[in-house]
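Every chain is named by a letter (A, B, C and D) in the order it is written, and numbering of its residues begins at 1.
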Amino acid sequence: MSSTFGHAFRIHTYGESHGGGVGVVIDGCPPRIPLSTEQIQRELDRRRPGQSEIVTPRKEADAAEILSGLQDGLTLGSPISIMVRNTDQRPGAYDEMAAKYRPSHADYTYDAKYGIRSASGGGRASARETIGRVAAAAVARQVLDTFHPGIEILAWVKSIQELEADVNPETVTFDDIESNIVRTGDAAMVEPMIERIKAIRADGNSVGGVIECVIRNCPPGLGEPIFDKLEADLAKAMLSLPATKGFEIGSGFAGTLLTGRDHNDAFRNIDGKIRTTTNRSGGIQGGISNGEAIAFRVAFKPTATIMSNQETVTNTGENTELQGRGRHDACVLPRAVPIVEAMATLVLTDHLLRQRAIRY
Amino acid sequence: MSSTFGHAFRIHTYGESHGGGVGVVIDGCPPRIPLSTEQIQRELDRRRPGQSEIVTPRKEADAAEILSGLQDGLTLGSPISIMVRNTDQRPGAYDEMAAKYRPSHADYTYDAKYGIRSASGGGRASARETIGRVAAAAVARQVLDTFHPGIEILAWVKSIQELEADVNPETVTFDDIESNIVRTGDAAMVEPMIERIKAIRADGNSVGGVIECVIRNCPPGLGEPIFDKLEADLAKAMLSLPATKGFEIGSGFAGTLLTGRDHNDAFRNIDGKIRTTTNRSGGIQGGISNGEAIAFRVAFKPTATIMSNQETVTNTGENTELQGRGRHDACVLPRAVPIVEAMATLVLTDHLLRQRAIRY
Amino acid sequence: MSSTFGHAFRIHTYGESHGGGVGVVIDGCPPRIPLSTEQIQRELDRRRPGQSEIVTPRKEADAAEILSGLQDGLTLGSPISIMVRNTDQRPGAYDEMAAKYRPSHADYTYDAKYGIRSASGGGRASARETIGRVAAAAVARQVLDTFHPGIEILAWVKSIQELEADVNPETVTFDDIESNIVRTGDAAMVEPMIERIKAIRADGNSVGGVIECVIRNCPPGLGEPIFDKLEADLAKAMLSLPATKGFEIGSGFAGTLLTGRDHNDAFRNIDGKIRTTTNRSGGIQGGISNGEAIAFRVAFKPTATIMSNQETVTNTGENTELQGRGRHDACVLPRAVPIVEAMATLVLTDHLLRQRAIRY
Amino acid sequence: MSSTFGHAFRIHTYGESHGGGVGVVIDGCPPRIPLSTEQIQRELDRRRPGQSEIVTPRKEADAAEILSGLQDGLTLGSPISIMVRNTDQRPGAYDEMAAKYRPSHADYTYDAKYGIRSASGGGRASARETIGRVAAAAVARQVLDTFHPGIEILAWVKSIQELEADVNPETVTFDDIESNIVRTGDAAMVEPMIERIKAIRADGNSVGGVIECVIRNCPPGLGEPIFDKLEADLAKAMLSLPATKGFEIGSGFAGTLLTGRDHNDAFRNIDGKIRTTTNRSGGIQGGISNGEAIAFRVAFKPTATIMSNQETVTNTGENTELQGRGRHDACVLPRAVPIVEAMATLVLTDHLLRQRAIRY
């Protein structure tokens, strides 16, 4: 199901970048969860364009309206519909894109699949589509806080190109990350990263990087064996985000260099709890959380839209060139941080509700 | 749904390592697809223990029986049930495992989730569970060959620890890979890899590595935007395999070092077809195949079972030690190659059928 | 999934009677289907309150807005979001209902399930919820017309209490039905039915009846064996409508009086086509359409809201009385006709797309 | 999904009447539920051919084997696979059926849908398919007994043709029903019904009738508003059974003759519980159980197979005749009673688990 995510906590998103609006319908949310428009708006503001000097200057208010499922600050158990109107529409700016396929965008593949395409603003393939995810995750966050207070889900910019932040997933705080516009957890890397983004933008070019995310205080027992392993659902969630090219959890690709003797996580009784002394498993074993920190990394390619002349073809297959223009992020990572957190929140909430159906 | 994979071509697997048997029920397979038990058995034999000197010497016949859905060599359109009896059962060899949690296995997390566990042979978390996947993929392969002949899906061992094979995803052949027991596509690396596996096994230790997979001649237009992007479903499929820790597609993590100008894949009209001159996108753009080779890599951690004494806890939370024993793979990658191919085949077949519902 | 219907053509509805609005998100709609707001509005107008002298006089404009999935009159293949604002809200009129459970309504059961309830206007249990279904079916109708022109889906009032219309499902026309405000297909019963409804309303009472529906020119082969039989999905669709108490297809309950010899439908070659000489099967055999007219009937109970004093309890379980008031239909059947057609249209479209995935 | 039923407690059935076997895979069953093969076999024996003088004399042992998901009498939380081998196969007896379409059977529609058909014994459309449902329901029964002891689900033959039993759904017992081979709850109707079945069989003819079912002690709050209403899922479950033509709940079709004033169920506080003084709602309001007895009726048409010469066509569309033969039930209702109970059990268990995910 193309625009549906989750089994117990299910979200259905809709909307093109230009048109009436974008939004999400959440089904399966338990009743009597405290919820306000402000909680949703706060997260939308974290992903919004124009929030700082290193992101796209587009002005989009992205004001959320809750259409259903809420009464006097409590969820009703019925579907929660959240809509954000599209406002900053400049269809004219995209005329050329209708006839020419932007390299490394989804223009050609949408045409190949559907035989029709909303060329204006990227249509459904626009990053604007993630608004519904972030809004839904703000609701999911309330479910987690109600059923299992204390779960922390934090993401940060781990690297931009070769600039790598030194961040301890066990101790980094929300304030560490939100205190800087690049959203990294390493104070020493804030300026170098900002400078890199500004320099690359000045050159009409773009960069990518890696976002790291940690889930702390996750209860043991979440995740389903076999296909819906917790790491499998996280991997799918992350690779479903625009511009992502890779996912690794725990020891990841580097772990393939170790031997089993060096890689295994020994169990120990620590303060009366079953813990592991190392965490190369990344908090998940056999697809199920073991109570340790769940830590994973997501690779984002450099933004496809660049302010250069590029070779491409028209939608009738003729060779041509395309000059990039418009207002785009030279680096999507600062705005992608809350989106990564959102997808992790959705996965965890879904598995928490699924576990409730069978536990006793 | 824990043991269900796919939407249009759906598989439901079952079975513990010890017990009556393991198997799969396939629903949604189109009618009149040619199918034989031999086609299924051939793929099961590629993943079977005891097939060479570098894999576990366990003897498991793994003989497939088709219980339903087939008549005179053609599928009926009804569910296809395939069963493999368990035969080589030595419950006694696992007594200690019932009381002690094996490090970096799923023993503890199954107990945390279910409050009960099939300790014998790993239960549902055994690699034996993948039999159902491989059998189902053999059926899916027939669907692909019927509806879209010429799609090639090949996987090979890309690396074992730091030993890395030099393989061209565009040209490597099935025979290149199957000609050697380690299943790599680089003749020069066959002996070094075999020697490494033998040496590590002799030491009672284990190793991991990376498997690379390519899908060639995939038609453009497969994959769904948003959540069920083709790469998202591939990522989930791969991370649902035991011992996997990472997935990357196209330029992957290394692509984060490039700028957009160097990373973008230019479109060109080549011989009347819309092609890209490079393939850092990995054959997928916006979640939809673009007709180029789909190439991805999967990280496998070193086998958790090692022949050493390890610290752990009992299922009542007391510190103890566990001595590894039994007949295990010191390196799972040679046997994992057909399993990676199987999961890729299942994902592609599912998306091919999904696309048929809407195309015209 | 509470508010999701369909597998290939899937709809997700939302909305309470009072609040921001009601609506639907349609996922799985094929691309390039001609669609206009007018087509949706036309069907919404058929179910709208205030349309005639025998339905509730409430004034609700029920104006549909398409938020996504449409461009220049063609569907894009992406989710189609349709919203209808709530406007005629009088929360004050429902104060008493918040504290007292209306007999034969869903007030008590919502409280029992969720521990919270939108008392105003019936909340999610309001008939207003069917707006999303009707809007989605208007889109589905366009899919049918594109892929399989000529399929007719017609419903009419078969009976009100003991007043039974004489209608031939093979020949009745849309105009026959729409020409009268009670929406029956028998001209002789129009006045008696209208008089009955007016008399019962004048008495502060209510009535129910039976709606019959026929699907003509349905291609053979739609419907899935076993659980998703075409009649099973129709039965679920109809029993999911408010106030329904029964469903029967073909010979129905009366068919249980016949013997097999009298009940069986003989096959004959008629004009080169395989046809049946009678149609007690109701156009479906083994869950799959056989090309004959699909005819079924749905029982609607008398409207639960009556203008009388009734015994009931408060939400704290104390005996009390409740005086019905408000503007309600004394008979829901005239407005339920387009809703029955809508659900039949959704079922048929879903099965048509499902069949496309496997046919060749 | 053709052969999948349920959302939280999901079953996947497979198997043709002739072939390796039939069976079911149950996914979503909670762990640590007591379960034995005997519990499953007991229910299979109630639906088995050859159990009495008024059902088909075919000898089918229908011995269940549990292949997975069980250990030492407790469920593991993993998929439970149950298989029944096919044994009494006489393909020769069905040669004529391969070429000629049996009237009011699924022969023609399977060919229309799939272009291929398992003619032998009815294939997937055989009543033998219900074995998987009954086996799964025996497991579901254990889940109900564990989570909510005291829920009773009883079905009985309400009528055969015009012979109607007088049975009180509130008080009838399992022993009342099982004490007679026709499985009615009215001692006075046992002999008349048996005589009718014997007479009709002696004439080479067949009869149908109505089965009534009651669910007693169902907790309030089960069922989902909108599409997955409890009565909607029950209707689908029943209409998914072979030979069914109708479903009604509570007052049903007869309720359409009443006015609202006579039909409404008044709420009263009775012994400290919120109860209704009448039960025309049939135990469900707004799709959600209200704690009263859930009572519904299912219409079964006369068996399509009769021992007469009938007009039909060949699979190439030529007019011909077909002489019925073989060993069939002249009346399916006595054997259908446990199958109706099974489907009701599956629906209720699914909704019980779904409710557990959101309640707190």
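The criterion applied here is as follows: a residue touches a chain if its C-beta (ideal position, glycine included) is under 8 Å from a C-beta of that chain, and two chains touch if they have at least 3 such contacts.
Just so you know, these numbers come straight off a predicted model, no measurement behind them.
Ranked by how far their CA centres sit from the centre of chain A, the chains are topped by D. Annotation: C-D is the more contact-rich of the chain pairs A-C and C-D, by number of C-beta pairs in contact.
For this pair, chain A with chain C, the centres built from the Cα atoms lie 39 Å apart. A separation of 46 Å divides the Cα centre of chain A from that of chain D.
Averaging Cα coordinates per chain places chain C and chain D 26 Å apart.
Across the assembly, chain A contributes 1-4, 13, 28, 31, 77-78, 113, 124, 225 as residues in contact with two or more other chains.
Across the interface of their complex, chain D is touched by residues 8, 28, 30-31, 77-78, 147, 225, 353-354, 356-360 of chain A. Taken in their complex, chain A has these residues touching chain B: 1-5, 7, 13, 101, 103-106, 108-110, 112-113, 124-125, 129, 159, 161-162, 200, 205-210, 220-229, 231-240, 242, 244-253, 255-261, 263-269, 272-274, 276-277, 280-282, 284-291, 299-306, 308, 310-313, 317-319, 355. Interface of chain C with chain A (complex): residues 1-4, 10, 12-16, 19-23, 25, 27-28, 31-32, 65-71, 74-81, 83, 113-118, 123-124.
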